Amino acid sequence: QDVTLQLKWVTQAQFAGYYVAQAKGFYEEEGLNVTIKPGGPDIAPTQVIAGGGADVVVEWMPAALAAREKGLPLVNIAQPFKSSGMMLTCLAESGITTPADFADKTLGVWFFGNEYPFLSWMSQLNLKTDGSAGGVTVLKQGFNVDPLLQKQAACISTMTYNEYWQVIDAGIAESDLITFKYQDQGVATMEDGLYVLEENLADPAFEEKMVKFVRASMKGWKYAEENADEAAMIVLENDETGAQTESHQKRMMSEVAKLTAGSNGALDPADYERTVASLLSPGSDPVISKAPEGAWTHAISDKALQ
Amino acid sequence: MKDTTHTGSAVIEARNLDLTFQTGDGPVHALRDVNLTINKGDFVSFIGPSGCGKTTFLRCIAALEHPTGGTLTVNGLTPDEARMKRAYGYVFQAAGLYPWRTIAGNVKLPLEIMGFSKADQQARVDRVLDLVELSGFGGKFPWQLSGGMQQRASIARALAFDADILLMDEPFGALDEIVRDRLNEEVLKLWARTGKTIGFVTHSIPEAVYLSTKIVVMSPRPGRITDVIDSPLPKERPLDIRDSREFIEIAHRVREGLRAGHQDD
Amino acid sequence: MKDTTHTGSAVIEARNLDLTFQTGDGPVHALRDVNLTINKGDFVSFIGPSGCGKTTFLRCIAALEHPTGGTLTVNGLTPDEARMKRAYGYVFQAAGLYPWRTIAGNVKLPLEIMGFSKADQQARVDRVLDLVELSGFGGKFPWQLSGGMQQRASIARALAFDADILLMDEPFGALDEIVRDRLNEEVLKLWARTGKTIGFVTHSIPEAVYLSTKIVVMSPRPGRITDVIDSPLPKERPLDIRDSREFIEIAHRVREGLRAGHQDD
Amino acid sequence: MSWLIGATLFWLAAWALNVRLAASRFGATRAGRITVAALFGITLLVLWEGLVRGFAVSPIILPGPSVIGPKIASSLPILWADFVQTVIKGALTGFAIGALAAFAAAIAIDRSPFLQKGLLPIGNFVSALPIVGLAPVLVMWFGFDWQSKAAVVVVMVFFPLLVNMVAGLQATDRLHRDLMATYSATYTQRLLKLRLPAAMPFFFNGLKIAATLALIGAIVAEFFGSPIVGMGFRISTEVGKLGLDMVWATIAVAALSGSALYGLIALIESRVTFWHPSQRK
Amino acid sequence: MTRAMPVLTVLGAIFALWYLAAIWMNATWVYDQAQRAGTTVTLAQVIPQTMAQARPLLPPPHQVAAELWKGVTAQAITSKRSLVYHGYVTFRGTMMGFALGIVLGVALAMAIVRFRVMELSVMPWAIISQTIPIVALAPMILTVSNQIGIDNREVPKAIISAYLSFFPVLVSMVKGLRSPDHMQLDLLSTYGASDGQTFRKLRLPASLPYFFASLKVAIAAALIGTIVGELPTGAIEGLGARMLIGSQFGEPLIMWAALFAAAILAGGLILIVGLIERMAQARMGVPA
């Protein structure tokens, strides 16, 4: 049985569970032939699945819910990431100590569907993002942490497992940095869930395939959590660009393990409700206009985790 | 105007020929009421000021232009039909060799198009290159030859497929007088040898008088024939015939005809 | 070879002039041992086969080429110095008008460069355009004029700034015989009126004979002077002087000289 | 299905009409040429719409013109702001700076044969390089705002223009040069009266090539960081949000601005180089 | 030697400027770091530190060269860490796009020259097509080709590359196919040549110099297209992907090395096309 998985970003330890499941033969044991497609700057997993380019995608929940409202009925079938790894990392010298200090500062944000958590956070903080006085100036952050190093922004978006360490590696001490984790601010949204198209789930054969897929993937994730270094090496072997480094991936794996810890693969409805609430929160431009229905199911994870 | 009708072996017959070009700023009357008969074996020169329609008339004969009035027959056929029968060899004012073909390749071009056999092609190329004294230069590219040699190659190209009628539009315009004299002699020899019918456009009065059996003087706006002079010179013409009284008299008549045409404007 | 040394009002003096071009495939000996004296008010024609060095010699006079041997003086100065004194008007074989300037703008060009006053510029442009019968065409662009008119404009351009020496390189090569005759007459008139010294290159024997007080016949490889003919024709020359015995005799001598040069190759 | 057939029929009919128009006297006029081109463009749109509807392509993948059109109409303020940011501030500024710099550099190195021999081969080489690759570097150097976009555009247009301009300055007729020599014209006189006018066709040729490069450069550079306005920003965020209608609306604006810039240059060219054979009828 | 001298001098000047700029640009970081550490540094201490940073704003030439060397020689050329491998991927994409672009450009040019309708309707749109920022289309080309069942990532890359490279070929070929003058055409007319013969014997050979001249522009465009195509469409392999990943993972040296590898590839391609052009010219009898 063929399964195509579309990742959200390039090959890195963020997706170690799937590569481990692949390399360790967990998929094979389930009788699956899985193709893992790396993502990239211009690849929207939602668009890929809409175009039939994948059976299942790794996506962040805000983007998935937004797509659902746009008429693409995505359903969360599993949630290997328990916690959010996103944060804003600020230079201490910018004078920011609390979120209240963001006013009139320049903040770097990822767009491409990744801006939703930030926007809902800002609207909770009552900070305007349109550049007007008293609000924040938003920069579309590229693919690296240069804006912080060049002091073009006071804070930039980072993942606990990736960009944050690049700032550190660049030579800035942790003591020179202030970080705000979305998780700690109570605005965390679910990251890196597995989504499929609703209409496909109606097909029992597909459902069964997904059950196997989720089971094997979670096995991969748990293996990766326990054998972080080995998992990192597996990721490295799958990196077709050959530009990733061992130390970086090992560290990323150990950080990712902290985020996947506590998830058995099933989506926690409470997390879901919190995400939806934060996305619906009052503000000039809410990400979704009404609470979605049927956006997740335990049907797959329940069977997979028996 | 003189009617130049003849009977007998007429190869080209123009009757009340008219041609008007439609251009951006109004019609141009290039030929008006042209009557001319050219007989087999004639060497006819056309002379007249710039823009009087010499080229246009030659192009009509070769079916490159189509008259807007009157009739024109070539061997009793329309020019288009005659073209299909390979009736013409046309030599343009500039040599117009294709730069990407060797001299031999250029001469071969019409043969390829007309579907001559490979062996025949080679034989003909050799023969005509010999005729214009270019044997040994077949493998050269045009730019490796002097202007005069290029011009001879273009004549060879027109001769290669044995057309009955050779039309030459100022073929020697760009050459110096000495080379020109030499080529004039050669054309005369060729004509004597092959008995082709030749139409020849020139700006040079001595050239016209030296070469022709019949000189057609034209005048412009609209282009028409003002004089047709039958040359009394013998068929054998050494170069110094040009210093003879007879020659000078014809030249004088041609010059007067030309000047009359120029006075109009 | 004849030594053509004169004393008196010599404007241009060449002594044992030599010029060799260094080219990719070896040196080209363009001029060899050229001796020539041109006096004030002379009309000198240069005639000879293609490549014999006519243009090269004219360019040497105008300091556009530099001889590799011998001496050349213009009004007792080097050609370069003479150029700085605006001694030359040069008419090239092609009209060479600047396409982005009107006819008047083209004629004005040398005047702007030489710093004539605005009013003077306009007056001179009007005068020379009138001289070459182009008044009324000053506002047109070159491509809107016929080839003959362009050539006349380029002559006007060379006349505009009253150079002592007028050098003309085949100025009428591209024109038909009638227009050429007319321009020949005009050049003669101009020369008679202004007393300029004129160097004139041509391929046409009648033209050379008709215009010149001195005809220089050259032969190629290497370019050298084979004959210098002082014309016995009077200064007043109607067009039909060309049918006179004297004219025909000089023409004959020139033709013989040319043919001798050609025999070499 | 009926959509497919309808679109195909429209195509055939429009093509037949165009064939007739092209052969007619009307087809030779300016209005005729525009009509034929416009009809062809409309045919493309109809075919597009027909295919999208006929195959029921999801608007998340490829919206039809009937969706994009209204989107353009309803998003004019955003599109305008993006246009100002990317085209006016980024592309045009960079284009102007690059063009001026190339012009000045060409004249400067024109005086020195040594520099010409040294710089031209390098310039030729550089103008063939994939300069867009420099976009992330320049964003790093010049910051997020339009300055870095303009910098990318400057680098992208500079070398093609320089090479063209230097070639143009040397493209004078030998005859025209000799004429200047017989007048003993000074360097400046030669430059102003002969070489600059003669170089103009080359310069404009370069400008036309550079015009399309400029837009591509400005937009690509926005992918590597930008303020939250701009055409590249819009495209890269809307793709992620599945706002394909907005993406196409932006593409339409880009094509329109590019064509307008190209047309403007062609117009100025026809004024400045009216004398060149290619500009004459 | 006389030809190389000026080029070498200019190159030397560029290198000198490059070093100066590297010192100047990278010094900011050294000073910042010193400030964060609460120490001061002298210029003599700064300069060596600007020459060997891990994340230089502008790496000095020798650092780029070392990285290039490492990328080429430090591993088997089939390794995914080898620049040779990624260069080859980009090269393949470029060649595919180039070939596609040539075919498209020549075919369109032939149709445009033959049919007036094609000229009137297609030509303006061909120009407009070049003003569309292809980068914007890249992701859509990817999904659309995905949907119609093309799973190979090379294909969208080649399409993007062809999209940029067909235009110069088209423009030159139209010019070239139209370059025969009236006389050359009339000559064939007097032979009663058919349309096909006119095309084969005259238009096609006459257009070849234009064709070859356009190839240099087209190959450069194809390379740009491929690299742009490698940036967003997956960023998996190829020099474009290396540039992106280098930028993403804060490894500017990887990016610079990829940039220069692309430059070298471009130089090689141009050289080869130039060579082919010269060989063709020799066969066509163009004076050397």
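Just so it is clear, A, B, C, D and E label the chains in written order, and each chain counts residues from 1 on its own.
Keep this in mind: a residue touches a chain if its C-beta (ideal position, glycine included) is under 8 Å from a C-beta of that chain, and two chains touch if they have at least 3 such contacts.
All values derive from a computational prediction rather than experimental measurement.
Participant: Identify the chains adjacent to both chain B and chain D in the sense defined at the top.
Facilitator: For chain B paired with chain D, the chains in contact with each are C, E, in label order.
Participant: Counting one step for each move to a touching chain, how far apart are chain C and chain E?
Facilitator: Minimal hop count between chain C and chain E: 2.
Participant: Tally the contacting C-beta pairs at the A-D interface and at the C-D interface, and name the larger one.
Facilitator: A-D
Participant: Based on the averaged CA atom positions, which chain is farthest from chain B?
Facilitator: The most distant chain relative to chain B turns out to be A.
Participant: What whole-Å value do you get for the distance between chain C and chain D if each is reduced to the mean of its CA atoms?
Facilitator: Going by mean C-alpha positions, chain C sits 50 Å from chain D.
Participant: Just how far, in Å, is the C-alpha centre of chain E from the one of chain D?
Facilitator: The mean C-alpha positions of chain D and chain E differ by 18 Å.
Participant: In whole angstrom, how far does the Cα centroid of chain A sit from the Cα centroid of chain C?
Facilitator: 86
Participant: Report the inter-chain centroid distance for chain A and chain E in whole angstrom, where each centroid is the mean of the CA atoms.
Facilitator: 35
Participant: Give the residues of chain C that touch two or more other chains, as numbers and ranges in rising order.
Facilitator: none
Participant: Chain E: which residues touch two or more other chains?
Facilitator: Correct list: 139, 143-144, 147, 231-232, 244, 247.
Participant: Quick check on chain D: which residues sit in contact with 2+ other chains?
Facilitator: 61, 136, 140, 223-224, 239
Participant: Chain pairs that touch, all of them, please.
Facilitator: Every pair of chains meeting the touch criterion: A-D, A-E, B-C, B-E, C-D, D-E.
Participant: State the interface residues of chain E toward chain B in the complex, per the touch definition above.
Facilitator: 183-184, 186-193, 197, 201-202, 205-206, 208, 284-287
Participant: Which of the residues in chain D come into contact with chain E in the complex?
Facilitator: Result: residues 15, 18-19, 21-23, 27, 32-33, 36-37, 39-41, 44, 57, 61-62, 114-119, 121-122, 125, 127-134, 136-137, 140-141, 211-212, 215-216, 219-220, 223-224, 231-232, 235, 239, 244, 247, 250-251, 254-255, 257-259, 261-262 of chain D touch chain E.
Participant: Flag every residue of chain A that touches chain E in the complex, lowest number first.
Facilitator: Residues 10, 37-44, 47-48, 50-53, 142-146, 149, 166, 169-173, 176, 239-245, 248.
Participant: Sort out for me which residues of chain B touch chain E in the complex.
Facilitator: Touching chain E: residues 59, 62-64, 83-84, 86, 88-90, 92-94, 96, 98-102, 109-110, 112-114, 141-143, 161 of chain B.
Participant: Considering only the defined contacts, which chain C positions touch chain B in the complex?
Facilitator: Its residues touching chain B are 49-50, 146-148, 175-179, 203-205, 243, 248, 252, 255, 258-259, 262.
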